[in-house]
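This report concerns only the one structure given below.
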């Protein structure tokens, strides 16, 4: 039996464990150690400066959604570039042509949303 | 790593999809870069691309079947003909859309681009021979259709219809995918051609697992083709979507989904033809009977056509069931289909399915076309926009439309001398030949019941007086062009099906049947 | 031998799939229903990966790769539709979306 | 029991619990956060199945991008009120029962699968390369080039579809 391919995850697991413990321990410690004296001023969002108005739960404008959504699509494009990058030499011009066709298609999409004004914040 | 050597021969089968995708890109770019007042060029670009893509597909339709892209896809006459049918339907739908959108001041490049994307997905779906490729192409067409359904934003209906369509589409995609994953586990491959052998073994060693996997894949497709009992989304979605988009769903999406269904089950069905044939037959009976019965009480013509589309899926399923030999008739022993050698009667079944798809495409595009010119912009999205009374006395006000609509209704009802009759004849004959006599009888009875609601429209058009204060519907040249073309096709193919049926006989050269 | 028996991994996937399916059936918030569909897709991915390890075949990984890409595309259009529904109806509760029932 | 197996059962339990929370939680926000947790635990399971690439993708795309979009929509629609208790009807019960039945049939059939000898993992080079980005990429860019290009079509359709549907004015 070969050594398990899961071994390299050990440092990651340790990091996660430590950070998880920290995240759990700190609020608990703060709860027991910290003094708590609530007052009206303290419960406001900003203790100094102008008084905050309205609910914190304001609706986002849809234009932000369109940007977030385009982020996802281009995120997927990037994800497809990683496996190409590690095989770049072996794939040569063949792979280059494949990725060029892929990227060209998405470039049409980028040109479309850009000119459409879907990326503009101030509209 | 060995690089695949791609030649022009590999690219040729995807040429129709490339043409459609290129047309869509041009539309998108012209939408944002050309800011002219007139927007009629958009429909022309879309029409041009669909005709060109259909022509390219037709030119390759007679090449012998072969695998391309290392077995992920196949090119055979079947896939080419499905692409031709899809492009034909698309061209008709584009013509309907031109007037429909102009009337609503909603002419947008995106609309046509999404239609072309959907058609590209359909064309690729028809040739996919590997489960993941098939899944992705199915999604290309689904995602485009979801967006098209919500394209018009007047009133709550389109958004709701799009949402229903989306959720059930995503659900059925998940069923299909889970079934594919299990099939991959059982057989160790996702390529349909390589699955047959291992799956046949698995049907004996792990019958439960293999059957569940097949059932999940079948359920995924049953949702897409709106087979009873997976049909509940169809009436609402068909009614809520813009009428030309509904036409695309009933013509293109249905044809492509059936192409995928035939492709998958023709391979996988060989693992256990009896079980698959039984399941398809059961689905066919439920869908034929259920679709027709549900359509009977509908006064809303758009909703009635939605149920009618379900019923037609039933007849097509009967054709698919006829691809398999049936137990208890002795055919099973005589047909060496199980061994993958030449299938005696399946060529007739392919011909039936393809001819039926063609017949249904031209008839339903025409019927939805008449519906789209009768519904007025002012109607908003009230249910009365498609009420049967709209058709009262149409023969006096617009005799041309009434005659065309009568032809489409006769064709959908399967009454000669229309293409719908020929389609039903071919499908039912193939069913009888493969031992499905009982099912064919049920099909004939169901379509006889269905004739009632189709002929009711004809009665309304020709025998009811026109409403006194009725507004004369406007004339639309593009839609009328589509109506004339499809009416001529309905009658011509019904009277002289010879040439096309001969072409379709060639589609017996289905990849994998050898 | 596998470190984890194959049936156990597959059973986990089946449980996830059924949870998702039950969620699609019983939940009424459109967004939550969509989340349940995502659970089902993940169950399919887990099945692909479990069998890929058992067969020693990378095809299962490639499938999962593509499925993730498809899920992202599906989510972007699906969530846009959820927004459109909310804009026109002011709710995403499926029970209230019944204007088309006759 | 090996450490890997132990970890698997821990992750599996967490996955099922958080997936259950997605289905049962009353508020959409709770469901969404449980779904994020589910994706993280699943990424752990994927890593244990030696699917390194997919484990990373799961975090990067699913937990990192798709779920952000879900949260965005919840915030966009100010969806905070919990959904009222669900009413059961026949169709729902039948659907849910058929889901449970399907799951039971599948799980029962999994135990009848032949035990995999895993002979291929004896080849340590192959086991080390299994599921890496390089191995996965080799297959995507050679054998799967048709679906790869289809994905670009899918993404373009998704961009156009999302803009058309979500933008207030087009």
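Chains here go by letter, A, B, C and D, matching the order in which they are written, and residues are numbered from 1 within each.
Convention: contacts are C-beta pairs under 8 Å (C-beta built on N, C-alpha and C of every residue); 3 or more make two chains touch, one makes a residue touch a chain.
For clarity, every value in this text was computed on a predicted model and none was experimentally measured.
Listed by label, the chains that touch chain A and also chain C are B, D.
When the interfaces C-D and B-C are ranked by C-beta pairs in contact, the top one is C-D.
The distance from the centre of chain C to the centre of chain D, with each centre set as the mean of the Cα atoms, comes to 7 Å. For this pair, chain B with chain C, the centres built from the Cα atoms lie 26 Å apart. Averaging C-alpha coordinates per chain places the centre of chain A 18 Å away from that of chain D.
Chain A and chain B, compared by their mean Cα positions, are separated by 40 Å. Shown for chain B are the residues in touch with two or more other chains, namely 1, 3-4, 21, 25, 28, 132, 136, 139, 143, 146-147, 150, 162, 182. Each of residues 4, 48, 50, 53, 57, 61, 65-66, 69, 72-73, 76-77, 102, 106, 110, 113, 121, 130-131, 136, 138, 140, 142, 144-145, 147, 151, 153-163, 165-166, 168, 170 in chain D touches at least two other chains. Of all residues in chain C, those touching 2 or more other chains are 1, 3, 10, 17, 20, 34, 45, 50, 54-55, 59-60, 62, 65-66, 68-70, 72-77, 79-84, 87, listed in ascending order. Chain contact topology: the protein chains form a complete graph, every chain touching every other one. Contacts from chain A toward chain B in the complex involve residues 87, 90-92, 94, 105, 108-109, 111-112, 115-116. Note for the complex: chain D touches chain C at residues 2, 4-5, 8-9, 12, 15-16, 19-20, 22-23, 28, 31-32, 35, 38-39, 42, 45-46, 48-51, 53-54, 57-58, 61-62, 65-66, 69-70, 72-74, 76-77, 79, 83, 86-88, 92, 95-96, 99-100, 102-103, 106-107, 110-111, 113, 115-116, 118, 120-121, 126, 130-131, 135-136, 139-140, 144, 147, 151, 154-155, 157-159, 161-162, 165-166, 168.
Those residues of chain B that touch chain C in the shared complex are 131-132, 135-136, 139, 143, 146-147, 150, 153, 155-157, 159-164, 166-167, 170-171, 173-175, 177-178, 180-182, 184-185, 188-190, 236, 239-240, 300, 303, 383. The touching residues of chain C, when paired with chain D in their complex, are 1-12, 14-23, 25-29, 31-32, 34-36, 38-39, 42, 45-46, 49-50, 52-56, 58-62, 64-66, 68-77, 79-84, 86-87, 92-93, 95.
Contacts from chain C toward chain B in the complex involve residues 10, 13, 17, 20, 24, 30, 33-34, 37, 40-41, 43-45, 47-48, 50-51, 54-55, 57, 59-60, 62-63, 66-67, 70, 73-74, 77-78, 80-82, 84-85, 87-89, 97, 99-102.
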